[in-house]
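Structure first, commentary second.
Chain naming follows the written order as A, B and C, and within any one chain the residues start at number 1.
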């Protein structure tokens, strides 16, 4: 009876792959957004707050309007608004962007929980996935390959940004603002405006990442929804050395690492599960140690970035 | 003003906002007018935040005046409320130092949460190992072990920064998560007290090591420890050569190098002291409240400490006032919930607003009072 | 199903009668019953009360208790398991005049033990059967034996499962989780002797992403019925529904979340504490320790889902009757654990109210795939 369903160790592999795809999407979206922001020379640590705010807004909008896509849009807009707030305050002289990020983290989360209380119980419509696994008879495979379009949007974005940063004018402008603000000003660009736009875009993408969490996977809104994904994405950007395509691979890696724990327990390995769950963080720290050096800044780090000094 | 000494980097240009050096973090310093100005700015920022929050509440249909009256009642209005505020403020005095002390040497450390956890773990392991020791000695050693554990944890981030250039904000953030995973792992198995079926917690420290309340108040002695440590640190940072060396390093690294200061040692020391303070807070949670380590150590003490440090503009004495303010807001949150049905998150919104306003206010520094000639 | 509903109607009906008689007793012509004096009852939640889980089960009970005559309800959410809960309890007592306090989280007990002696005129009711003779007399520990409704869920799961594989998701490695798991497995195997149960411990009371991942991983392994013992099983049940498998609920009624796949669920009947409130109001007697399953009216099962055919419902209700009559014993020999050790010999029986035995359960029964992590 259990023939077709019992995949044993293949089941674990499948769970990790499927989990990697699912869990990585918010990391991907947030890290792409933060890459843009940091390339322009600002660091936005408030993305956790932006993510949660996006999740709440997306869920609430979907519930109230009946359209999950409208919810995703609203999530992005909410994220963009917080990004604008971050940029506006950081544009004032003598303001430290890291501190503003921490303040927005707090503010964003507080606001999201406050406004989101009435939405914890109800169930709104969820984002549909693309049934890419319909070729298989096995329900496990079918489910594993039921992938959200947001994953592909994220992938397309990563490719586009990777190409765009190197080959288009706006990519150059962005990078100049991040590498040498004086040079940018010298040719008449408004560095503040570039950074503002980059931070707004970053906020929009983070909001989308949050919307993914509440509208697709795990598809719920409550106060425990995010377990630090927004903060992790910031580490991820450094891990990926500010390259959009590397952000994509790193997101998959982190997603897989998060999925290992539960997957492995289903085949009976139960010891030390907390240590499994620490895997992504240890991995990032290890890579940071390996790739940093005191004599030069992290390769690829925008020179204007406050945390790369 | 607090501009860094002759920094040749682009970021010190007047309108740059990437904030590369942390000189601004040092806050009120040598000139009395600067100290006064800083204080006035912070107060103005808090008032603005309070007005904004009041507007937010009014939009929700609550009466802001009534809410603020209740907030005062719950924070300072009765003897009981005051005790409540002090209880909330006590650990913040110490965890704020975890961000404050490294900030003096120009590092932005957000690892207070992890240091608190390590402090708790260190305390229970030492406490259990010291089984038969006499009470007061056991208490002191247990606290010291917690402080040591926290200090080493953050110092490792400092070492990574100095030796490998690893950014300390990110590394301490990661260390927080690793510390929490370590705590969960240890209290679920290796150091677990299996006779406690109530929850997963570590073995308990001997009763003789526990500390009690200040006579006449329902607040434990951890408050006094926090006050003493803050005061001592303030003396250290402002009135000793060591503190002055740290200031120089924080102001401008190259100048410090030229002056021949031992940069690596200063960084390690600053991180160690900061981590030790937060670790002490964790150990006090064990010794004054719980008696054993469990997930109850992870309640955001470290993260709130970051907030306190920034609001106090990295001044150890101001930390005391700010901790009282934030403690008061937290303490009255419950009353707001019960009387007005305002969700618990409202206090977080208020704290976030205050933080944002205080940060924005630094844009006005140097413009409010007539300036004396350059420092 | 009708049976389950009618009990609730009975409770509300009784409350209405009491309410009506209270009105009558206010008339000048004195009635025989004395009107209960007004009393403020405070509920303290560790998280939010509309979480479709642990806290909601208490909030549901709170609403029902609020309908008792003379009862005024105040509630506070998001109180962590630290010394803060002491402050909250005292705040409710001192500032709001609460006379009965329900600190609803398991980990609040040590703090209740500290505060209760200070306030002999206040009754503290704790959801966790930990009361001992040395504890204050104005405290009550009450708890339901959830393993009994889990056994019933197991019967439903065993009869409905096509693959013979069920799944149990637990939050933390604690004794009541193990007992619930054993109940679930034994119930499934009582109707399908070859059934197996994959057991996964997530390690967190509340972590939606991990819970969703676990459900997905279980389904990939061929599991087609799950039950989740986490603080809010909402995510697990919804994920199960999306994957097209069946689910059982926990804490409170989750049938609305899974219209196709919901079988039944294990629910608390915390509203039984209304008896304690009434006793405190009128000066009547009350038990300090009240634990039980169906027979003591402390647990219930959720209404059956649409997918459940009549023969399954009958089997479940028959077993439930067995618990009510005490003819059905949960732990009876011959019983082996999942490592092959003999736990109970043939003919040995454990009484359903044998609490020390349940506290000592550190193993999983045969048929469960997984381990408790304890020796």
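Details
Rule of thumb we're sticking to: a contact is a pair of C-beta atoms (placed from the backbone, for glycine too) under 8 Å apart; a residue touches a chain by one contact, two chains touch by 3 or more.
What you see is a predicted model; the values in this text were computed from it and never measured.
Chain contacts here are complete: no pair of chains fails to touch.
Summarising the inter-chain layout, the chain whose CA centre lies farthest from the centre of subunit B is C.
The distance from the centre of subunit A to the centre of subunit C, each centre being the mean of the chain's C-alpha atoms, comes to 37 Å. Subunit B and subunit C have Cα centroids lying 39 Å from one another.
Between the Cα centres of subunit A and subunit B there is a gap of 28 Å. Those residues of subunit B in touch with two or more other chains are numbered 184, 188, 343-344. For subunit A, residues touching at least two other chains, in rising order: 117, 274, 277.
Shown for subunit C are the residues in touch with two or more other chains, namely 203, 373. Interface residues of subunit A facing subunit C in the complex, by the touch rule stated above, are 1-2, 5-7, 11-12, 14-15, 18-19, 22-23, 117, 120-121, 123, 139-140, 143-144, 213, 217-220, 222-225, 227, 258-259, 261-263, 265-268, 270-271, 273-274, 277.
Residues 41-42, 45, 49, 85, 89-100, 102-104, 106-114, 117, 180-182, 192, 195, 228, 231, 234-235, 238, 272, 274-275, 277-278, 281-282, 284-285, 288-289, 292-298, 304-309 of subunit A touch subunit B in their complex. Those residues of subunit C lying in contact with subunit A across their complex are 47-48, 50-52, 162-165, 167, 198-203, 206-214, 216-222, 232, 234-235, 238-239, 242-244, 256-257, 369-371, 373. Subunit C makes touch with subunit B in their complex at residues 42, 74-84, 87-88, 90-92, 94-96, 106-107, 109-110, 128, 130, 172-175, 203, 359, 362, 373-374. The touching residues of subunit B, when paired with subunit C in their complex, are 73-74, 78, 80-81, 83-84, 87-88, 184, 188-189, 194, 197-200, 218, 220, 285, 289-290, 294, 296, 299, 331, 334-335, 337-338, 343-344.
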